[in-house]
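Chains here go by letter, A, B, C and D, matching the order in which they are written, and residues are numbered from 1 within each.
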Amino acid sequence: MHSENQKHDFEPKIIAFVCTWCTYAGADLAGTSRMQYPSNVRVLKFPCTGRIDPVFILKAFQQGADGVLVSGCHPGDCHYIAGNFHARRRFAAFRKLLEFIGVDLGRLAFSWVSAAEGGKWVEVVTDLTEKVRAMGPMVEFKDLALEEQWSGVINTPELQEAYDAI
Amino acid sequence: MPLTSQPIDTSIYATITAAIRSEASRLFTAAEVVAIIGYAAARRVGSAQPVIITDAAAAETLIFTEACVNNLAVYLTKAKKEIPKKGKIGIIVKGCDLKALVGLMGESQLKREDLYLIGIPCAGVLASAVQPATTLTTETIASKCCECDVHLPLGCDFVPSVTLPPGPQMESRYSEEIARLEALTPAERWAYWKEQFAKCIKCYACRQICPFCFCEQCLCDRNKPQMVETTPRPAGNTAWHIVRAMHLAGRCAGCAECERVCPMDIPLNLLNRKMAKELKELYDYEAGFEINDKGPLTMFTEKDDQSFIK
Amino acid sequence: MQKYITQQNLNTLIDTLIASGTRVVAPRMSAGIPLYEPLDSSVEMVTDQLPRRSAKEAFFPVCEEIMSYEKEGQQIKLTDIDPARFPETVLVGVRPCDAAAIPVLDAVFSWDYKDEFFLERRRKTTVIGLACTTADDACFCTAVGLSPAETRGSDLFLTPLNGGGFACQSYSEKGEALISNNSALFSEPNNAAPLPLAAPQADKIDLKKVKSWLDGHFEDPLWDGIAVRCVGCGACAFVCPACHCFDIVDEGTEKAGKRRKSWDACGFWKFTHHASGHNPRDLQPKRYRNRIMHKFKYYDDKFGQTLCTGCGRCVRVCPVGIDIAAIVEEISKK
Amino acid sequence: MSRIGVFICHCGENISRTVDVERVAEEVGRLPGVAFSTDYKYMCSDPGQTLVKKAIQEQKLSHVVVAACSPRMHEKTFRKAVEAAGLNPFLCEMANIREHCSWVHENREEATVKAIDIVGMMVERVKKNRILPTITVPVTKRALVIGGGIAGIQAALDIADCGHEVILVEREPSIGGHMAQLSETFPTLDCSQCIMTPKMVDVANHPKIKLYTYSEIELVEGYIGNFQVTIKKKARSVDEDKCTGCGVCMTKCPQKKIPNKFDQNIGMRTAIYVPFPQAVPNTPVIDRDNCTWFKTGKCGVCQKVCGPGAIDFEQQDTLIVEAVGAIVVSTGFDLYTIAEKPKGSPIKGYGEFGHGKIPDVIDGMTFERLASASGPTGGKILRPSDGKEPKQIVFIQCVGSRAREKGISYCSKVCCMYTAKHTMLYHHKVHDGQAYVFFMDARTPGKSYDEFWRRSIEEEEAVYIRGMVSRLYQKGDKIVVMGNDISVGVQVEIEADMVVLATAIQPQKGADALAQKLGISYDKYHFYSEAHAKLRPVECATAGIYLAGACQGPKDIPETVSQASAAAAKVMTLFSRDQMEREPIVARVREAGCVGCFACKKVCAYGAVEEKEIRDRQGNLIKIVAYVNPGVCAGCGTCQATCPSKSVELDGYTDEQIIAMIEAL
């Protein structure tokens, strides 16, 4: 189990999109069982993985997430019959797209965690946190957010430097 | 390896032009259609533009040449409110265009019985960057035509009876480029797309020309919430192109209009082809001539691949 | 002031300017297409192809920040952009059709409201025009009364000469200052003949006649006829050297964000979409009509100028082959 | 600007031990829109709730965030409290800083930072929460029961006894179903008819039950609480109002040699007939395919002999529309027709065991009719071929069932028990006979079931052979049955006089077509699917439709009756109020943006999405858009994630709320 006392140079920001019936309840169980895991994860609750729009994952990365987890009910356990089956196809496709664009899929994890699997929740979250920690910050989207069209640039550090030199 | 440029025989296009003119004329005379969406010559030498004609007299303006690049299916979507949809409409379709029409029927946007399909046996059309007055060769041909498997549209109401001459062997531009990109590292691919998307000016030509972007209110135009940055900055551009590719996944029929019309030459169809390739591998889905009730991302099977899920 | 400059000295001039901290913007290849962009070195400059986008973005950026906000507690902090921070810029190799559009834009940006974002960039930019030697059948500067040697809008104008180098004529103090500050690179004019200039096939159109027809034909079947094929994208407006509509949006989160100004186009359905849901230009023909009206009537009414320089970019990029030159010609014959 | 109140709970020391709650309250208090923030030892306690309520009123709060335990624990508590203070309950959100924070992190600094983030996220979310009114749907307190076997009868009687009207529809001329065919029932060996027929009569006499026999469901429209059902009442050719059930017509009918389906075709009936003497209703029906009048236009004997003049050759099928609020589906089962492969059946193995070729190879239901006192043999076990009493009888279990390679992988559940019963009945009736049973396993989980099975061996002398039959053939008037006894590993060969096959239980033919009319789902065998295998075993995913009996899967009588009563209880729960209330977490369509691609409809597992026409004032059709029926929507939100233009939105989980949360991080 993860030791909270370890100090790291980089603490990744992990965002988890989970369904309320299985994974959220599984995370609750991890709590009631007093299991320990890295504090990096921030959980967003959805009724069902079927509700999770790929745009949310994109937005999470744009907002500075270093890793994203999507987790819901095991196949056949969906509270809404088939929401997780639709999610499974949707994300199978979306991850391929992100990979093609150049996102390292090590930063994007998917899991089925049932309400009884507090231990699995801890494992999934710990694994992703450690993996992303080793990969370092997700700089791609953050850098992109800072970039402007050349024509809209007010003055670049280089220009500033040149001014200063005059 | 690009092959040396070879000419492509388009001599049948003259026969096709004559055939669609007489069929159009017949359709109006017999009052079978109220309008026909086709192509007509424009000012620039060799150029063609979409036209919507409503009488037999105008049938003589219809043409089919290697410059008839447009997918006219876009004019039948809800995005085009200007075109009254009263009565049967005739439309000239290449194989690739027909796939889009079939997709639109599957998405309740069109009904087969409202259309009169004039199919074109097609040897290929020009790519976007070239001038209209260019002869069609293995070099000047549109990339989508290089990997075309629907030279002859099926299930049309009328197809000019011509025999397609055998075409020269062509390179598989998309497959090769996708394979090249797939072989790169994520960082290299990111760098590639970053440079491409940086050019984007959000003119939305890709969206407006796409038969499947028929939403009246695009998600990317909304500001409550702002799902995607609307300004043409690198961040918003990248988000837009990711969302666009995702929304077309499992729907795109491969007409490559998005890529053709991009004034900044962003290879947009690469994204669509990549998604098509993945959906083929994952769910054995391909856009075709059969109207499907559900697309690959609106259905599922219990046995779908989940090797990526822990 | 008339001078001569060799290609090599022009390159030296560019590199010297870059080294001194001036931003030099010129056509260069960017991800496969020619665009006006800041150069890292003179060798990047390409002058044999028309850039896909016009030079207007040097003054009127694709997207720029005009303000930012931050919220903390119950306080909201606003920060304005200081135009004084805009960089000194020299635009090199500007096509006559692009340069000619700049004074046209001056009119609207310094009308009742003085747009400091545009005007300050304008003040800080020296425009070096370059006579045009190639044209295709989309070019029609001659139809709207300009030419491949049009010097309007240029501070300095270069004409390529037979045997190399450029004849160099200044048309403003900025142009003259550029020459005098770098006088060693310029020499006295020689007698070499200019290279043959481009010869667009378009005949001159009587724009007054066009305007007078437009004056009386707000409603006309012509609009439906040509614009029914328009798919409502913004490609024509965005590549146009004279179109200048923009949108202002706030982007950011609840805590902080920026107000940005970016290009907009009258072809978009959302352009005139009211908050009420009503849209006065609800159909595409009405939107396309506005494009023609604005270019050949409204701008003339207001500023006595035509909002088109015949660069032909919109003709080349239109996804559905709408040809503004053909339309204006048709109107002129009515 | 919003005036948000944030309430941080210590949970005794459960939260405050690792989370610096004062610091959380202080930092969160600085977030834009937060007007009030405080911490308290037990927020869920009475004083804690009072604190929240007071703050809402005194601080004029517009929204509330309670940072405490999991919303799964106390969301309802705090929403109620907020509602009591005059705010819409859906303007209150919980931030989970216990299960998701203080209990899983030891480091105080890290836990505090995370708690601030979690609360900050919920503050941004709650700003975008909308007032959601509770959804009410009117309920028509009439139930439809489809299928009049024991399941349908039980459900109908339970609902009707509760005082609600019931429409009971049965496809056959009489109710009773398969149970009416059985001789005795396990594990008590009660006579089936003795316990069944009184219930059938109860149905017939019940003032609240409207019975439509010889009728089928034509069309089902509407949704929970508000279904419109069209029933096709097939022409009986007998006027039910006039017929007294005297039966003279049947005795006089010249067509007497028609195999009676009720007797598994081993007994005969007339062309005008009731399937069995105790039929309910006791009104005959003319089998037009076999009636001389309908075939040749001559005869008409029944009409001549009918005193009340009830015979009506001109009668037509009629359509009846009934409005109901709930539907119980109890269409039961059918036996695997091993003799003959139905058209298009994906199942292999038809024609095995000589069934259909060797007359003395029969199925279990035929044995029931032979053993039944009211059956064609009067309860004597006699071979169909020559009417002799079989002295050696072989029973073969799992015929079709549990044969994955042939297409049916499930266990038919009742065969072990009824085969044991058959061996007993046989032994009771043929004292000197010997019964053999080929079986794979004996599955006897049920009250007194294993004891019953053991009795068949220990007291009734049945010989059980563990193994499957490998070959079976006719030899003279014997049937040679060869198999392997795998428990001792020897080849067994029995010269039997009769063979009884325990064929698999399958759903009724046409179960799929009915499911499509009802909009309910079914599995690959066409058994109807329950909403949740464990927790909602009698409800369909489609709200307002419930399942009873073998149409959902193989079941014995006690289980069927229990499920029928459970389904009835569900119906009665629904009928307990005039209006059905439900949480307003449902999807809504923004019609202005909808272009009618119906991707939402394609992914909706509940059939909640309908097509709606939008017309202008002149009545011209403008477009067809999606409409989400709030009574049917379950609130999963799959439609919204699928909608390309986001023109359908799930209340409580809107894009605005979610994006606000992501942006808060």
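Assume a residue touches a chain if its C-beta (ideal position, glycine included) is under 8 Å from a C-beta of that chain, and two chains touch if they have at least 3 such contacts.
Quick caveat: nothing in here was measured; it's all calculated off a predicted structure.
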item	value
A-B or A-C - the one linked by more C-beta pairs in contact	A-B
Distance between chain centroids, defined by C-alpha means - chain A, chain C (Å)	43
Between chain A and chain B, centroid-to-centroid distance (C-alpha), Å	35
For chain B paired with chain C, centre-to-centre distance based on mean C-alpha positions, whole Å	31
For chain C paired with chain D, centre-to-centre distance based on mean C-alpha positions, whole Å	70
Multi-chain contact sites of chain C, meaning residues that touch two or more partners	62-63, 253
Multi-partner residues of chain B (each touching 2 or more other chains)	198, 219, 226-227, 232-233, 297-299
Multi-partner residues of chain D (each touching 2 or more other chains)	592, 603, 642, 655, 659-660, 663
Graph class of chain-chain contacts, one of line, ring, star, complete, other	complete
Complex interface listing, chain C residues touching chain B	30-33, 35, 52-53, 62-63, 136-138, 224, 227-229, 231-235, 237-239, 247, 249, 251, 260, 262-263, 265, 268, 270, 282-285, 315, 317, 319-323, 325-326
Parts of chain B lying in touch with chain D, wherever the complex brings them together	78, 107-109, 214-219, 222, 224-227, 247, 293-295, 297-299
Sites on chain A touched by chain B in the complex	54-55, 58-59, 62, 75-76, 82, 85-86, 88-105, 109-112, 124, 127, 140-141, 144-145, 147-149, 152
Contact footprint of chain C on chain A as seen in their complex	63, 148-156, 159, 161-163, 165-166
Residue ranges of chain B in contact with chain C within the complex	42-45, 47-52, 70, 74-75, 79-83, 131, 133, 195-196, 198-199, 201-205, 207-209, 221, 223, 226, 229-233, 236, 257, 260-261, 263-265
